[in-house]
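Note sheet for the following structure.
Going in written order, the chains are labelled A, B, C and D, and every chain counts its residues from 1.
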Amino acid sequence: MADHLLEVRNLSVEFHTAAGVVHAVRDISYYLDRGETLAILGESGSGKSVSSSAIMNLIDMPPGRISSGQILLDGIDLMTMSPQARREVNGRRIAMIFQDPLSHLNPVYTVGWQIREALTTHGSSTAEAASEALRLLRRVGIPDPEPSMGKYPHEFSGGQRQRVMIAMALALRPDLLIADEPTTALDVTVQAEVLALLKELQRETGMAVLIITHDLGVVSEIADRVVVMEKGELVEAGTVREVYKNPRHPYTRKLIAAAPGKGEMHQPDAAGAPVLSVGDVRKSYGGFEALKGVSFDLMAGETMAIVGESGSGKSTLARVLLRLDEPDAGSALWKGRDLFQLSPADLYKLRRDLQMVFQDPTQSLNPRMTVFQLVSEAWVIHPGIVPKAKWRERVAELLIQVGLQPDHMPRYPHQFSGGQRQRIAIARALALEPQLIICDEAVSALDVSVQAQVIALLDKLRREMGIAFIFIAHDLPVVRDFADHVMVMQKGKVVEQGTVREIFGSPRQEYTRALLAAGLDPDPDVQAANRAARLARAS
Amino acid sequence: MTIPSTETVIPHEPHFVVRMGRMLWADKFALCAAIFLVVVLVIAIIGPTWLGELATKQNLRGRNLPPFDWERGWVWWMGADALGRPLFARIIVATQNTLMVAAGAVVLSAVIGTVLGLVAGFSSPRINQVIMRLADVIMSFPSLLIAVIVLYVLGSSILNLILVLSITRIPVYLRTTRAEVLEIRERMFVQAARVMGASNKRIVFRHILPVVLPTLTTLATLDFAYVMLAESALSFLGIGIQPPEITWGLMISQGRQYLTNAWWLSLWPGLAIILTTLSLNLLSNWLRIALDPVQRWRLEMKGRKNG
Amino acid sequence: MKKTLILGALLLGSTLSSAFAGSGPIKIVLPEEADLLEPCMATRSNIGRVIMQNVSETLTELDLRGDKGLMPRLAEKWEQQSDGSWRFNLRQGVKFSDGTSFDAKDVKYSFDRVMSDKNVCESERYFGGMTISAEVVDDNTIDFKADPVQPILPLLLSLVTIVPEETPLEFIRKPVGTGPFKLTNWTPGQQIVLTGRDDYWGAKPSVTEATYLFRADPAVRAAMVQTGEADLSPSISQLDATNPATDFSYLDSETVYLRIDHNIEPLNDVRVRRALNMAIDREAFLGTLVPDGAVLATAIVPPPTLGWNPDVKVFPYDAAAAKKLLDEAKADGVKVDTPITIIARTANFPNVTEIMEAIQAQLQEAGFNIELKFVEVAEHEQYYSKPFKEGRGPQLVAAMHDNSKGDPSFSMFFKYASEGTQSGFSDPKVDDLIKRASAAVGDERAKLWSEVIALVHDEVVADVLLFHMVGFSRVSERLDYKPTMATNSTLQLSEIGIK
Amino acid sequence: MLSFIRKRAIASLISLVGLIVMVFFLSRLTGDPAALFLPVEASAEMKEQFREIHGLNDPLMVQFGRYVGDILTGDLGQSLRKARPALDVVLEAFVWTLWLAVITMTLVTVAAIVVGSLAAFRSGGFFDRFSSMVSLIGASVPDFWLAIVAIVVFSIQLAWLPTSGTGSIHHWILPISVLFVRPFGIIVQVVRGSMISALSSAYVKTARAKGVKSGPIIFIHALRNAMLPVITVIGDQAASLLNGAVIIETIFGFPGVGKLMIDSILQRDFNVVLAAILVTAVAIFLMNLLIDLTYALLDPRIRH
């Protein structure tokens, strides 16, 4: 009976929400053994994190309610234990790390304090805790561990913060580590390092790891077995290889198919006159140089992908091009006129041509405006594009064009899913009939399957309407199927620039190659080979 | 923990008034508050013409008549004041002035403060500095001195009292608005509007103001109570509203000396102030939710469950 | 030594008072703190109640407790010389609290200091319109010469406190005097402590030490005596005066009236002024808004004052007659419908708002068009005193006047003479009578003042006189003290006995 | 840090100068102090003499120039009524106000934090509803009414406490209790709101995953994060107390700066008014500085 370390049996959890009672997970069961890694794969809304919250007793009741099921740890049902006893389990036997380490670390206490607290809460003496915390920081590879003990979370980089979280979680050598999207917000190169660290630590301590992710690549990199969830139900389970090679459930198949980077790459047309010509753009904030002279040309109807990790200056470039920030130097010739020299009045007229789609549609759509108001606002600002009498008709058209329904018009953004919101944002951009749309990480916050749909939508618009795109992303595979040209940026500079085939086929720069190598392939075999190659190169 | 959002199509939304009505029905506290405030408002409008004469009819032989004398007419249920005038009638007649002073001062200070705050938050650092220093000066200017200066130079009247009370409250709105504007102007949807070419005016009034407004509404309702009490305190110190005008605040301060032997003189108007501010608070809490599309479902759900 | 004395006194006062009756410390709670303890400002009540006759003494003293009239204090006797000047023989062997002895030079210095233009002593105001010089005859004798001759000079000198010659001309905060007490502690905002002097020339008072506390709220003052935190509160509210064992009412010297501005129509018509007087039901106020013991006023000065005229009768309350008078005036073209404003001062006297509201209602009943306006003290002064504002409408200024000095001259000139700062009219007959009365002596003086009072009230109908007010004191049962009219401005500790 | 303080000091100085100019000229529009110092029967000559002695007859600009000159040498002038330096009068009163404000705000802060946190921890529960109702009512009761009722009940009926005045520690209980009510009502609400959002934040989840107990989660993890908006409101409330609790001081005979201010305003003792404003403004400036330093102390992210 007690052969598994953790066994979740027939768990059902429901929440009371706006839409009434939502069955977050329905009758799911899975198990996990010592030393093993199980991945729960699912998109947002699949309920993939609910069972782990239930394990950690983190579900707020109300609005949540565990309606049935058992969670057995070494054969003992956690749910029958007293709150006091469950608190003792947390941290000591089961530990957890989260997606966004910045918000999950208390901003007002030093990391040393927070690691020590994990130890002292479960009975260590202060002195023991201090030396152990130092050892842990050193172990997870934080540079200068001693002074780092006295630093606050905001003083570390994203990857380091996740390492701190790991150190804190492993403080009491738990039997089980739950990692909820541990690498999602990180740059690809950092993601690879963190996953490698997790694997190493697992080998050392023999703990079981339950990893929750939406990313097939992460699954293939780290997991032994995988369970796939959709809308609160567990649809498929098996070893990683089995599931990838031989998916039985249509949803799993859809997920695998949606993974980017497998389609035909574009072959841009021969060079014409550039519609936008950017020359030597510079911008610094205080003492920090965000752009150190960036130049590129964009042809009409083409897609230029700009790829770089955080801090590369790619978003600053977008803001400067749209004059949300004023550049320090440089030029941007749009059809022969320098965008940077335009007067406010001229700029206002030109705004029609250049539109932008932001990363997070939740924040870029005014929460107090309906879809109709959001889309038609463009025509309030630029009268004369569409006569007022036709606004409803035109909004309906645009909504259909981006794959939404006309009866969505009176609804508010929060009533839509992330992908739908991004479609609203695209419809808003299209309302002005622009010739260039800048997409700043427009799909990175979306689920893989939705990502694919949105990219397909953008590609369709490009083909049908001849709109040029500047597509900013931190992830290379995403742009592979969509871009004509790719520009790789690092620390405010252009590292490499070329057609999509050139970049993916024969990257010239070491950095580009590292980026490509750090990307995780959904195919466990390919990924294993990549890993081997990477290790070989490192040693 | 992400709670899955629904993708099912919600049926066509009912008319605004119907929706608000349903949401009000869902929150029984707010409903009571709203009913009470409507009654108060009606009383404020018709009070002086309805009972004006009765409320000023003196009877020195029936002074400080105790309350709960059910034998007499209802206007006497709350007892009589030091000149033998029925307290119930006086409270009703005083409603108009009280609300006028409080609402006048709150609205005036809120409008001026908000506009200045928007300007300060959205214009050049220099103008911002000037406005902020001005706010500092007003803030440290003793409100009693403002009262004495204005009432001495311009004379004592309800309008001038509104002026005094609103001057002292301007900085509160100014600072709040400015702080919020500084934060909201960096939000994505403001940037998005700017990309579309929206003018500053549009950004301020269409995008920023609606987001600041709930905070300001809450502030204003709280201020309503504050202003009524401040008016009362000015009366206490002898520089506020003066008889024969009446307000609840003045009634409390006049009844103060009878506290030990005729407690009802100051209790009823005090109760009127407390109930009004309490209602305003309840209603503003409700309004904040009802006007926020993201929060609204809480009320609508409750309504559905109840109904 | 001194410490043990005080300690002993404290013990006596608090625990053994009933057994060893007779002396001990007391605490007095007053409505308003003294901003100065300047002897020459002692005629102002917040200062006078603390130091007048307790710390600083005067040459003469008016008896308001009995009917002894003007009594000797630092002067043993005085007489008018043939040239009209007054000679004072001073008490001998008197010492100031700083140890220096008192003599005629101190008296002269004190008087000159009051009149000096280096300061603004309040007592200076009683000497307006006359020149007076003090001449030292010898150490114990001093002459005061006045032009014009002042029949009431000895009375006037009951208002001049004597300071040692060494006192600077500028205002001081630590008074030195000849009185039975000296200032031992003044913590502004908290308390003033007077301690009995061993070397006082007169009888030793039962009170050994007096601590003065200040509370603005009348209910709090009353409560303090009730709870034993204080022994005496000379002014509490009528409403709180509910315990016959401790609470006393006394006719204070305050007179409430409405000053009429005769210069503006319709108040320039005597019928209108008479109508005003007849439209007010003064009786109805007694026992309601005005305490029962208050007296309906027929003069600006209270009854014990010289020349108070018992033959002058209060206007009868007759609204119908008032209306008729108004109609008559109206028929003659007087604009009686013009709104008349009553200007009153907030917190001027107890129930001022209610009283004024009631008066407004009564006047309106009789057909007047009355508006009521309450102003704070600084603004009130502008309406009350000359120069009056140009272009003003008809006004009645509600005011309270205090005369506890026993002689109408302290009131009549200011309120009724053409040159008087608060006079609302100008009548040569009144001017002449006031001038003659001020110069007269003895019965003649009383008779002339009576005439003035009758003339002003019955013929001129100068103003609307209302009430001589009543004050309330709360006196702890361990004290033997009866407040009098004087309590309004002075509070002689030597008059307080301890049971 | 130093440059921050300097910047703040300069801004405050500008405000202070503006304040003084405005108060100086505006207050002189409000009538003649001579008429208030002397009885109504005083002659015009006496009033003239009073104005002459206090330099009130000079043109306003001359008076202002003299005042500014005196300020620069640290002299805030004599009280027109008390024959002593205005600054002494004000400082004496201010000490009382300062103590009153410090003690009251300390108690209010502690109480509001405990009550607000507990209400937030079980938000929507009985304690939450009860405490918000009580705090709302507390914030709407006129303080003078409360003060007199308190005296009637606790001093007269029960005879537990002295009615008023200063001296023993018992004298402080009633005024502080009455002063306590309104800021408490306001701050509880802020603490509650701020704590609700802090308790639902990600780092609290981490702490729960670590197995930390409820007590430390509320008072160590959430509270320190929730304190920033609370500190702002505490500052506002403390500032209004530092300006003087006029009514409480008047009723309880507490010799603070609020009562001094209103008396001086009504008596047109201009120098005392100006000195009082100056002293309180400087105190409030220092307090705001303290609050900014507290921010930095509580939140390392603000430290630079």
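Quick note on the criterion: contacts are C-beta pairs under 8 Å (C-beta built on N, C-alpha and C of every residue); 3 or more make two chains touch, one makes a residue touch a chain.
Since we're looking at a predicted model, the values are computed, not measured.
Undergrad: Looking at the contacts, which chains touch subunit A and subunit C alike?
TA: Of all the chains present, those in contact with both subunit A and subunit C are B, D.
Undergrad: Nearest chain to the global Cα centroid?
TA: Going by the distance between chain centres and the overall C-alpha centre, it is D.
Undergrad: Taking the mean of the C-alpha atoms as each chain's centre, how many Å separate subunit B from subunit D?
TA: Computed from C-alpha means, the inter-chain centre distance equals 23 Å.
Undergrad: Where the CA atoms of subunit A average out and where those of subunit B average out, how many Å apart are those spots?
TA: Their C-alpha centroids are separated by 46 Å.
Undergrad: As a quick test, compute the distance in whole Å between the mean CA positions of subunit C and subunit D.
TA: Taking the average C-alpha coordinate of subunit C and of subunit D, the gap between them is 39 Å.
Undergrad: What whole-number Å value describes the gap between the mean CA coordinates of subunit A and subunit D?
TA: Chain centres of subunit A and subunit D, defined by C-alpha means, are spaced 50 Å apart.
Undergrad: Send over the residues of subunit D in touch with two or more other chains.
TA: 30-31, 148, 152, 250, 266
Undergrad: Could you say which residues in subunit C touch two or more other chains, in rising order?
TA: Counting only residues that touch two or more other chains, subunit C contributes 219, 376, 378-379.
Undergrad: Would you please write down the residue numbers of subunit A that are in contact with two or more other chains?
TA: Subunit A, residues with two or more chain partners: 58.
Undergrad: Treating touching as the only link between chains, describe the layout with one word: line, ring, star, complete or other.
TA: Shape = other; not a path, cycle, star or full graph.
Undergrad: Pull out all the chain pairs that touch, please.
TA: A-B, A-D, B-C, B-D, C-D
Undergrad: For the complex, which residues does subunit C have touching subunit D?
TA: 35-36, 38, 44, 117-120, 122, 124-125, 128, 170-173, 188-190, 213-217, 219-220, 223-224, 226-227, 229, 376-379, 381-382, 384-385, 399, 410, 414, 421-422
Undergrad: What residues on subunit B touch subunit C, complex-wise?
TA: Its residues touching subunit C are 56, 58, 60-61, 63, 82-83, 148, 151-152, 156, 238-239, 242-244, 254, 257-261.
Undergrad: For the complex, which residues does subunit D have touching subunit C?
TA: So the residues of subunit D touching subunit C come out as 30-32, 34-44, 46, 49-50, 52-53, 79, 81-84, 89, 92-93, 96, 148, 151-152, 155-156, 159, 162-166, 250-253, 255-256, 259-260, 266, 268.
Undergrad: Looking at the complex, which residues from subunit A come into contact with subunit D?
TA: On the subunit A side, the touching residues are 56-58, 87-92, 95-96, 98, 100, 103-109, 117-118, 121-122, 152, 154, 165, 168.
Undergrad: Flag every residue of subunit A that touches subunit B in the complex, lowest number first.
TA: 15, 17-20, 22, 24, 44-45, 47, 49-50, 53, 58-59, 231-232, 322, 324, 347-349, 351-352, 354-356, 358, 360, 363-368, 377-378, 380-382, 405, 407-408, 410-412, 414-417, 420, 425, 428, 432
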